[in-house]
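In this document, chain identifiers A, B, C, D, E and F correspond to the written order of the chains, with residue numbering beginning at 1 in each.
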């Protein structure tokens, strides 16, 4: 069973909107080697796990649970990069229909016009070429050794692609999230490589893949200095045997040590997302808001008396 | 951020393996109106939520978190229905290679041979016709009213299909899970219908969809008697405003009341899944188990001294 | 602009339900060379037609309009083959839920369980292997000669596959429709071959493709004797230049002549499709029917006074 | 059975070519909520309709027939927006091969280069991200209430996306067609909402979705003033019971009345599409035209004597 | 540049037709880890190879060329398993149309009816669940270490799936080919593992994956005894540096040695495939055969005088 | 069985990188009518060939083998067009991470960002709209006449699309390869048209399709003057009966003659592809190169003594 905390695993940094950067980042969300794949692959592997090698199960499943929070983080980062894009670079728009002016004319030239036509300047479960995510991406072979090796390839490819995305944009919103994901992919590479090490493999100098010192990226360096790339969290509310594998020397053989923790030391606030009239989003117009308010008022009087004010928006703001 | 408890939201009931039933149930997991869709649709809608109508956000997201546990439950139910299928009905198989005997000959006649060739008698992210799950199933319009209506259609279609699947099999493993999902789909139908009710819609006698009294199914009746189909859980570790919507009279207008809870009152154990030699799953053979044991022993001596025994399997059994 | 007559282009013949035959016939509906493809390909080619060679446009578009009626015919034939399949061969089912009996247990063994889970014993836009129809099937090159040649290949492949489907079943419902489609595919082969003949090609003895005398099939022979395989209808409510191409000797060079007509000489009734309680279809239960009746009554009194009776079902029966 | 009139349901307005606008409009044609989906969904629902609630069948099918004419209209609008794009903004091109000059150099930078490589500056059955239309978009549940609700969601999403597309371009060709489709989507929203109203639902102030007064768009206002958004046509050549549902007060509860008509009061001419040498389209070169002429001449002498002139092109122009 | 020899890399063994076995084997041809994937993945990796590490290029490309011959072998094995299936087990069929008898009635119950409707009892580029092969299966990362590791996972998964397919059938036609592919997958596992060994990895006892002694399968044992699982061929007509990697001790660390050869020591004849009248295949009927003969005769007289006889069939038989 | 020569079938000409041109060219590689389709279609047709009409088999298969070399050529041409694109037009980049500067900022604006994120400035098995190649493109009907006609349509469509691509770019790298493919498509059109001619068809003035004199393109003219468009190679290491069909007058009826040859008269060198640090490609860093060198040295001493130097890169350069 799964639980949720309305916080992020890493902060989202402010910068200008950038739809092209948002589109590149879609690869990390809905691409063949993106976070939706890692999340579903590790969950399916743990749901279908056979036998009694519990520490391996706990390792795979713990990383799988983390990946849901990555999907949350990258999804919100993409939304942030898209949000308000039509006014980007000094452009202003009126409410829709004001004299028939096209307030989203830039949108039809963007990499994936779906961000504006189908979504409302928000993330989608697709890759950077606009292909929808596919269940065929999920590998769940039911053979532990093979699944571990497949997961190592998956994390290495994810790290490779994120390093490339880093090279493609200087937008701070993009880079903060990408840097965090690079650091975490390194931890996950270590996790699966370490699991294979317990089965006899010696990696010598092969890791990490790609063989690139990501501390050359300032945003990544800060995270590495904080040890983020050698920690693993199990996110378990009961208990986990993950540490039996994820501890001791890192298989990168660089003198670092692996540390298992229950969860990251900090949680980060979710930045607010304003309504977007040019997208007809969300469209809880004043008339409907009044209706909703009236009903809740009535409930409050009859019931627990907790809520006051003129509508869910108003009330939410107060809570 | 997401957390996990290694338990199920509903018990898995024992019965004979039945690969055709497993395949029909795949529709409820990886089909266009299955649990992977509901999970991803509600998560994307909440990650991309705009504006301040927090109770609506908390309702959508809370149901989304529940759906992850549904994916877990249905995934494990399918695995249970497939597990050991080759020995089904008195057949016995030897270890692979014993004289070249085909121990999985029935597998090549099954609805989806991938259950035996690609998976290891386990669930897959595909539908009952073998099509992989697609990101295009996820609707996230960014218009709150439309999203609520789309979600109502999604839950109603899910309930319709699960009622049909119930009619297709008397296998108790299948029916226990399907009955639970029917009861929960009814709760989710109520949730989205109630949210629309707060915006002015009166449903009169339209609900539930399909207009079928599911208490005619004995397994569902038991759950309805326990109130499962009128409860909603928010699964939030901080706090939730879901109750502002999910309370008061049910929009089915049948005299029942909606109740918001933090989580279900009970958690259920996960049934063990044995190794399957005919699938080469998982393949942590004695040699590798020894290696793993040796390493962990060494760690234990140097480190926190927690683990003992001859290998991860042995140790896991002890924890 | 398009118009409709609530009749069929060929009669649907009665026989036992046969879900496997229905599934094979799906290839003719939603397959790569099925009627949805021909319909969309010819419509797209005519919507995108360039230049002033109107007779060619009228030929392509006229056949395109006919294909919509083919989609209608084959869709209803598949539904007929599926309808009532669970009671097939002496089996009986009760209403859903009666003691928890599985009334559709055979459905989970069928070629495409979607016919029972997703559809309600009705046709779907998929092929015989369960793959959904794809827009990539449509070829619209914008080069007239190439489009004509592509269309000839399309009709020839369609005829080949339908001859194979004929060989796969003796069910009379299937065969009546397949025989009609074979005869019409022959007419369409002639149409595109004749158009290429006007541009200089001599076919000699190459046609039809496949080189098989379909009059060996008794159901096809009857249609050939009636001339169905050498007629083409333009279905135009204004006027058409189709005849400038579709007239004179047939390019099969077998002594037959091509005849252009406005429409087929006869229309056929649509067989009724009963409600299917085990599919929760359609679910306009007595309670809702009453509501609908009341409203229409009220309208009738205020308005044109045309309708009477106790509900749409009753009224429909009277009209 | 289906018939055709070589006219459009709405006029196509002249403006500059604009390939990006054409690409955005593809969403309305081949997107998940575009006209191909509505057309196929309503046709499949009516072909698979069960029971005797004929007015509901006639409503669904009548709208389905209209959607074929929408596919025709939007397809031709896209072609118009693409047609001649390479000469757009003062560029001139020679015939292909003249000194090896690239006459379509801009084409390789366009959103979907398929418009120039695969099609010949014409529409395609794909969405704005280049994904081909899929049969999985079609929902045909066989449960009337659910199908009506699904159709309401479909029309609402269609209207939402078209309002967004309107905001993305000031091109008059695009806007005239989009405005017409917004007005018609409103009529269709009313139709399915009204059908649900007959079954007891009261919509109060929820409709239309999105809650936006589209008369703020001047092109839409003109159509609303003419009543286009409250009319529904049945396009039936025999007779229809659509009016039993589509009459009386509109479910938007804004004081307007619904009116059922046989067909729109006017038909509009189809704008000619010139040959495009740079696309090798259509390629009925003088030599082939002569051949075609000779043959038709010969036929004319032997036969009905109707046609004269030097080739199909010439003759077509005269008819 | 590529060349061809009209022979097979392994003999095809005779046994009864078995369409289910044929369908299972499709996974090895068109599945995500089948031979089409390995062929295209290695070819794309070598066409896009960067830098000067030629021995690694030659290793990847050499295996890629071998995979084309595997596609040839497995394709023909599937055709053999399907060929004549309708007469399987004593059934007889007449020529098509003889009294309207269904000569392929069993075909509509088969796993993939496309084998009979779309193909003519021949192989197709699809997997065992009927999904068409997809270009998204090909991984070509452009990072040598990662590509090698990905290839190792690919070969290991291929071997795992083929061991499972072996367990699913005792048909000798299937087993002979599957056994050969298991042996070759072992060689390829060794190749990519060895390449990683040159970069420092020590595999200890991890290989092969799955950890199963395939010599327990008699058909595989024979091939292992002949050394087939430790040889690699480069298939280069100029020269190759493959041996610099593929030599020395095998990374399975079982005392065996790797041997690079130019090509396998033997080539095997291609079994003939008869015409299938019930499939209208190939349809070069006597009339057309005569025409073809006449033309070739004429050519022979005018030209090089090489061919004689009454038609291509007759002539082919003589050559 | 297949063999390889490390050379190209046509030279790759130098010009500036041009990612848009590369993307357009992807249609010729991974598009529905591109070289991957022709290669797989002809190979599947020859693997599934029935009956004894060997000259037709040899014609189809011979062209199929040539298509593998076309896939090689076009794949390398695309890579060439992408290679170094980030420095295009005077831009310079540092090694990754140098101060966090975005060295591939242009990449996120490109038609298909996968060229930079997923591939490493290399070709991919996708079309110009980013859709992955699909096995459903392959037509293998098992009816010889139909397969020949389908192949003629395929080659004609391929030629049409390549003529359009030629019109879209003046880049010399693109044009040299496109011109060669146009010339070869003409030869293949002739081949399948000639095969149909042997069965009685007279083409008169219909061919080539499109009816365009490609010698108006200077690059194509040079190849036509050399006779490239009327030659066909069989690429068979044993022997072939292709000439029985491919000889005599060309079916374009332009006075040219068809000539069958064993292989093209010349082979061309493969241009080197440098490492791309900004893509982390290939990533055989100095440390790993040393390791590889050490191992190979050791082998060389023990073994055949052929290799010297400090690593595979160094050694490869010497060979």
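By definition in this document, a residue touches a chain if its C-beta (ideal position, glycine included) is under 8 Å from a C-beta of that chain, and two chains touch if they have at least 3 such contacts.
Everything numeric in this text was worked out from a predicted model, so none of it was measured.
Peer 1: Regarding the subunit A and subunit B pair, does the interface count as same (over half of residue numbers shared) or different (under half shared)?
Peer 2: Comparing the two copies, subunit A and subunit B contact each other through largely the same residue numbers, since over half are shared.
Peer 1: For subunit A versus subunit D, what separation do you get between their C-alpha means, in angstrom?
Peer 2: 39
Peer 1: Between subunit B and subunit F, tell me the centre distance in angstrom, where each centre is the average of that chain's C-alpha atoms.
Peer 2: Going by mean C-alpha positions, subunit B sits 47 Å from subunit F.
Peer 1: Return the residues of subunit B touching two or more other chains; collapse runs of consecutive numbers into ranges.
Peer 2: Those would be 32, 118, 126, 130-132, 134, 136, 141, 143, 145-146, 160, 199-200, 204-206, 209-211, 279-280, 283, 288, 291.
Peer 1: Counting only chain pairs that touch, give me the topology of the graph as line, ring, star, complete or other.
Peer 2: other
Peer 1: Run through the chains and report each pair that touches.
Peer 2: Pairs flagged as touching, ordered by label: A-B, A-D, A-E, A-F, B-C, B-D, B-E, C-D, C-E, C-F, D-F, E-F.
Peer 1: Show me the residue ranges of subunit C that touch subunit D in the complex, using the header's touch definition.
Peer 2: Spelled out, the residues of subunit C in touch with subunit D are 1-9, 30, 36, 40, 43-44, 47-56, 61-62, 65-66, 68-69, 71-72, 75-76, 79, 118-126, 132-136, 138, 140-147, 197-200, 235-238, 241, 243-244, 247-248, 263, 267, 272-276, 279-284, 288-289, 291-292, 295-296, 299, 302-304, 307, 312-313, 315-317, 319.
Peer 1: Which of the residues in subunit A end up touching subunit D in this complex?
Peer 2: 96-98, 100-105, 107-109, 112-114, 116-118, 126, 130-132, 278-280, 283, 285, 287-288, 291
Peer 1: Which stretch or stretches of subunit B touch subunit C in the complex?
Peer 2: Those residues of subunit B that touch subunit C are 20-21, 23-24, 27, 31-32, 111, 127-131, 160-161, 163-170, 175, 204-206, 209-214, 216-219.
Peer 1: Within their complex, state which residues of subunit B touch subunit D.
Peer 2: So the residues of subunit B in touch with subunit D come to 32, 131, 134, 136, 139, 141, 143, 145-146, 149-150, 152-153, 156-157, 160, 196, 199-206, 209-211.
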